[in-house]
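Labels run A, B, C, D, E and F following the written order; every chain starts at residue 1.
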Amino acid sequence: MFHHSSKLQYEVRVDTPDPQFAKYLQQAIGGVEGEIRVAMQYFFQAMGARGDAKYRDMLMMTATEELSHIEFLGHAVALNLEGAPVSVQEEAAKDPVVHAIMGGANPRHILSSGLSAMPVNANGVPFDMSHVYATGNLAADMMANATAESGGRVLASRLYNMTEDAGMKDMLSFLIARDTMHQQQWLAVIEELGGWNQQLPIPNSTPEDHEAMEHSYYFLNTSLDEPTPEGRWTSGSSLDGRAEFSVKEKVEPMGQKPDLGKARPGSGTQTEQQ
Amino acid sequence: MFHHSSKLQYEVRVDTPDPQFAKYLQQAIGGVEGEIRVAMQYFFQAMGARGDAKYRDMLMMTATEELSHIEFLGHAVALNLEGAPVSVQEEAAKDPVVHAIMGGANPRHILSSGLSAMPVNANGVPFDMSHVYATGNLAADMMANATAESGGRVLASRLYNMTEDAGMKDMLSFLIARDTMHQQQWLAVIEELGGWNQQLPIPNSTPEDHEAMEHSYYFLNTSLDEPTPEGRWTSGSSLDGRAEFSVKEKVEPMGQKPDLGKARPGSGTQTEQQ
Amino acid sequence: MFHHSSKLQYEVRVDTPDPQFAKYLQQAIGGVEGEIRVAMQYFFQAMGARGDAKYRDMLMMTATEELSHIEFLGHAVALNLEGAPVSVQEEAAKDPVVHAIMGGANPRHILSSGLSAMPVNANGVPFDMSHVYATGNLAADMMANATAESGGRVLASRLYNMTEDAGMKDMLSFLIARDTMHQQQWLAVIEELGGWNQQLPIPNSTPEDHEAMEHSYYFLNTSLDEPTPEGRWTSGSSLDGRAEFSVKEKVEPMGQKPDLGKARPGSGTQTEQQ
Amino acid sequence: MFHHSSKLQYEVRVDTPDPQFAKYLQQAIGGVEGEIRVAMQYFFQAMGARGDAKYRDMLMMTATEELSHIEFLGHAVALNLEGAPVSVQEEAAKDPVVHAIMGGANPRHILSSGLSAMPVNANGVPFDMSHVYATGNLAADMMANATAESGGRVLASRLYNMTEDAGMKDMLSFLIARDTMHQQQWLAVIEELGGWNQQLPIPNSTPEDHEAMEHSYYFLNTSLDEPTPEGRWTSGSSLDGRAEFSVKEKVEPMGQKPDLGKARPGSGTQTEQQ
Amino acid sequence: MFHHSSKLQYEVRVDTPDPQFAKYLQQAIGGVEGEIRVAMQYFFQAMGARGDAKYRDMLMMTATEELSHIEFLGHAVALNLEGAPVSVQEEAAKDPVVHAIMGGANPRHILSSGLSAMPVNANGVPFDMSHVYATGNLAADMMANATAESGGRVLASRLYNMTEDAGMKDMLSFLIARDTMHQQQWLAVIEELGGWNQQLPIPNSTPEDHEAMEHSYYFLNTSLDEPTPEGRWTSGSSLDGRAEFSVKEKVEPMGQKPDLGKARPGSGTQTEQQ
Amino acid sequence: MFHHSSKLQYEVRVDTPDPQFAKYLQQAIGGVEGEIRVAMQYFFQAMGARGDAKYRDMLMMTATEELSHIEFLGHAVALNLEGAPVSVQEEAAKDPVVHAIMGGANPRHILSSGLSAMPVNANGVPFDMSHVYATGNLAADMMANATAESGGRVLASRLYNMTEDAGMKDMLSFLIARDTMHQQQWLAVIEELGGWNQQLPIPNSTPEDHEAMEHSYYFLNTSLDEPTPEGRWTSGSSLDGRAEFSVKEKVEPMGQKPDLGKARPGSGTQTEQQ
């Protein structure tokens, strides 16, 4: 069960409101790299967690933290929209600088939300929940989470560079910090469970006779004119320790030429196909 | 530039066509765990790759392989739909077993595609390209790819369990194998670049003074009644080697209570808010 | 800032797991009538609330409650999926009753989520955040909320009728009850602010000279052969007390016949249009 | 059956074409507050209406009116795009003012539609029909409609403020007026059916023994540090007259701590979860 | 401006209600081959039509007809849902045949719409307006329309085969007939404007010096092992009469190997990429 | 099976990088008129092709070519983003011209993709695969393809006009040329199969007794005040040669007034509807 306290997890200060930066910040709320995504992803993973209960608890605790991130980012968007013109008669609207900025702002911040945050990204595209990745497989979920936090920290770092507002930089430095922790906490689960060697391949419960092992450890060069890019993945022991990596350069199709034959009468095709 | 050869990368054989399994297979084509996603994800990452060109080549080669996976899966869907009734007058439609199966089939396999594959998932929801994760950050992209392959191998393993058709099992065992390789090849890039210790936090180029480091290494327990789940993430050296993990149990909000004050005249609010 | 306690807001008991009912329950999680929607809607409205702070507090408190509803519904879905076959070799899968039910189940509950809840509706369509209605106008938002709770209680009542499971009926009776309260609490805000007479038309701050008042109070009969349906809306004082309702039966267009003339050279049209 | 006459319902005049305002106007066509939504919502409600036929007629008549609103708004968009540059060689494109405006315009108005309206919102996001709310429950539908018209009038009022064009202001004043009427006509149905007292809770046909009445009338304070916001919803008779409102401040979870136990073999999880 | 008359354009009769067929019929309402699509497509094309006004009139007249098709199909869905069980206690729900059918029905027809039509397809996916194709180019739009009507008639033919209900067959035979006409009426515009020879390439107003004509008339064989499929497109005069078709078999890339070099500092990439 | 060679199909040169044009170019990648769409459409049509195998081969060959178009367009986007400011401290960001341009750029090109192409359109809306039209009917598919290429060439022509960059103009002239060929190659299939006379109506395999032929050849004038627009579609032989076109001016509904009667108890409606 959830509870709320009235103060924000972190202080939000905007020294110079900037409606264009409000649009940019939306990516951190409703973008695929944003906080709605991680909050909901950890929440749904927690609800589906099977096995050692501590991972469930960990997921729910961090889901709860991410909800608090949405909250202070939402406040940051609203503060950046303070003073944005709501009428072309306003002084602000006549200021050429403001006018130019408004061309790059999200018009729905004025038209639809009344100068506050929306669950959309920096293009105004609403977040859709298909981005909540939760497979029920603990390792797959941990990787999905570390991935989400990587995208999140890349985004926060870019946002940091795109503003000169000291308040916003301070808030973003907090987000950058928390993303640092969250990246590592999910990867730490992998390490605790024996590391990649033991967790790979995911799922590690798939019986070996369900797998065509002769195809499991070669890098396939599908290029007609490029040499194989050599690296850790082309030779040496596989990361799961089950085999040696190799390369398959001369790619010959192993399958048939597909042929579906003629169409059946009654199937809505042209007569010439039947 | 792309080229094509006429045979499938892997042989596709369906011993007993099953329209309901055709619906299930769609998840491997147009689901978020599916082949359109990885093909396009690696393709877009390759197009945006900066730095050592070998990663670009590697991405494009595997993108190309994934296109071939779409192709043989598409053929598998069509073969599973062979014999599905296209008319209620057909013998098949009158067979109670077929009738029951059709209730669980995707009706658009008959109504829209004419007994062939579609770029949709097992619920008939079309794939949307927002799932193509490509950040321009090599490590974030590698993690996104390993995640996608983990979800893919989980899916292929589950599909393997949901069919008794020997041909389908054989094809899925090939997919399981290739996903094994692909999971590892992307993680091998991380290892080659010095491992997590060097690659974390992502992006590792963010200057330390952009980060509120005092918040970077504690696990935040947001629960009111649960003890902190102890583990690799609560003590010991952080995975990036920059600090020690700790725990913050007593969560006190650091920010203000938000207050946006009154609404402005002309902003489309109720008079009572102004 | 959000916090969590480990127990569910309400007890969830499933006497007879039913994968098809799990699919149905998804509508209450990820449907437009569902709990993700109201949780996020109240949350975003709270973040954008201007005017008397008590409405902001009220919104945030109920947003928090709705997050708890997602949580126990998610558990209900998982419990309904216990025992669903994950392999065609399983005993359950060979039971004709289970087999028939699985035809009507959501295949992604097996293939994608591993027997747990997803943020999708009963058709497997992911929730998208464009359904979070938050205008910044208090009265418009209150109506949107009462509407959402009406749809929610209609859904919960229908779900109640579609199960014979005592545990599920008990849980749904709680949801029905809370929706009763939530419908009324949002409408009570309207009443407290002076009732419809004072709150209409929304926004009540639009100056009268922005409105073509001669068109504000007639019901327009656009039918060629039906008499005007008489009712409270065709005569008597308007609900805002500003005028009398009337009817306009003989509909004459007031505007011009549209004509955009010829296309410009260089505009990508056919030569014949230019 | 539908019919058409060649003139617009209301005259559309644009004194000074403005491609940026064309983008803004799109919200009134293809936004969730827009005319496609209400036209389709009333249409589908009419098609599903059961009970007294006059509500069906009323819905269909107003659906038909809304189609006419789409039509004149579409013309307004096209007129605002007259003169927008279709080539960087044009005089207009070299005008710095036009150049600045085009940065804030919808590029697809030039690239995709050839200077005319599209069924998208002000961010260029296409309208999707999941926003057509039609439950089959008359009261729920009436509220959804009054909500839609409230959002619509808020939007029209904001658009009115964002233009100085006399023609556009005139057209918007007509929309504002019709939204006034439509808000009231749907609420008048509630009044005619006995008012909120009789219509609540929605659906009012749910038997009382389907509802855990002891949870139906308290406001739940989920905050850890805020007092309950007192108001009409915390004491006094409930709006449906069935009970007294109360407050529940000390929130104790009533349910269990969720526990799904171990994962089953064959379910695609990690071995460690089984 | 639109008007409505109370009767349906065509009579709808359902002899044996079938909830599963109701789901199938949804494809003809809210599918990409369905009536919402064509109604809105012709409507938006009409609103953007430039050049000879008769095409605008033609588009608007047929848009209006398609609205009437939505209407009778919506009624057909509702009639097919008559008698579907709304409670598991109902007699119908206990009938094994009905039970089996309900597994293949759209659960939202019971849970969300209350036994009536929805603006969704046969998978329950809502129609989205991005499928409204309207380019402002007359010939491109005519082709899009003939395409839509082809998909529509294919669908109607398949639906005809999937029912034994005489009333439904009668209604579908009307749809098949109208689609016959509509396919031809849009293609007749091409013929009237001089035929393909004059209308191709679309847009026919693109100056020849904007086109790399040396690449305009060869079929490109991108296969490594298949001979060129010979046909009307490999030799003979081009359909626009400007050149002869030819074949390019030996495909050599004409461009460079892409290389974006190193990433810039501050761009959120890994240090190793910079 | 697919293969790749390292060079682009066509050379890409950007003389003056322009982030706003990068946004425009996205329409040609991820728009409905773009290359992802045609690549995937031809690919899925090929996978479902039944009948003469040469059409399957042709589809797959051109699908492969379109993948190469995505590739060089993706490179063009990246090159147009070279030099775009990734930080407000950069020189470029302080240049007023660049500043103004950035207002019209896609912010996600900086925030999300790190200065490279994304699978989105010019509004930043991700491509969704519902636009992959593949019916299994050869003629319907050919028309869909010619339509897609028409939209594509309209778009490329408009883009050509919106840039002054010689490199971009050169690349677009190549796209314009290939679209010329592709339009014709799909239409040539229709011609080869006997032309419209033989291919219409689509599907031409629908038995005549499935069609209400008395409704198949009249143009329906649904206007109350406009004369029928006369043309090739109102008189003369139908394009399929089966009948004469005619006009139906006086439109009388042929169906009933719909009436669904009362709602059933237990269906979640208001009591007043039952």
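We adopt the following convention: a contact is a pair of C-beta atoms (placed from the backbone, for glycine too) under 8 Å apart; a residue touches a chain by one contact, two chains touch by 3 or more.
Please read these numbers as outputs of a predicted model, since none were measured by experiment.
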| remark: Joint neighbours (subunit A and subunit D) are B, C, E, F
| Taking all residue numbers at the subunit D/subunit F interface, are over half used by both copies (same) or under half (different)? | different
| field | Pair joined by the larger number of C-beta contacts - A-F, A-B | value | A-B
| Between subunit D and subunit B, distance of the C-alpha-averaged centres to the nearest whole Å | 32
| If you average the Cα atoms of subunit B and of subunit F to get two centres, how far apart are those centres in Å? | 26
| If you average the CA atoms of subunit E and of subunit F, how many Å lie between those two points? | 11
| note | Residues of subunit B that touch at least two other chains are 1-9, 32-33, 47-48, 50, 57, 60-61, 64-65, 68, 71, 75, 78, 86-87, 100, 103-104, 112, 114-116, 120, 123-126, 128, 130, 135-137, 139, 154-155, 157-158, 161, 202-203, 206, 222-224, 226, 253, 255, 258, 260, 263, 266-269
| task | Based on the touch definition given at the start, go ahead and assign the chain network to line, ring, star, complete or other. | result | complete
| note | Contacts from subunit E onto subunit F in the complex sit at residues 3, 5-12, 32-33, 54-55, 57-58, 60-62, 64-65, 68, 71-72, 75, 78, 82, 86-87, 90, 114-116, 125, 128, 130-131, 133, 135-137, 139-140, 143-144, 146-147, 150-151, 153-154, 157, 160, 169-170, 172-174, 176-181, 183-185, 187-189, 191-192, 196, 200-203, 206, 210-224, 226, 229-233, 238-240, 245, 253-258, 260, 263-264, 266-269
| Residue numbers on subunit A that touch subunit C, as the complex places them | 1-9, 30, 36, 40, 43-44, 47-48, 50, 57, 60-61, 63-65, 67-68, 70-71, 74-75, 78, 112-120, 126-130, 132, 134-137
| Given the complex with subunit B, which residues does subunit D contribute to the contact? | 154-155, 157-158, 161, 224, 266-268
| field | Of all residues in subunit F, those that touch subunit A in their complex | value | 1-7, 47-53, 56, 86-89, 99-100, 102-104, 106-108, 110-112, 114, 120, 123-126, 135-139, 193, 199, 202-206
| query | Which of the residues in subunit D come into contact with subunit A in the complex? | reply | 20, 23-24, 27, 31-33, 100-101, 103-104, 121-125, 154-155, 158-159, 161-164, 222-226, 251, 253, 255, 258-263, 265, 267-274
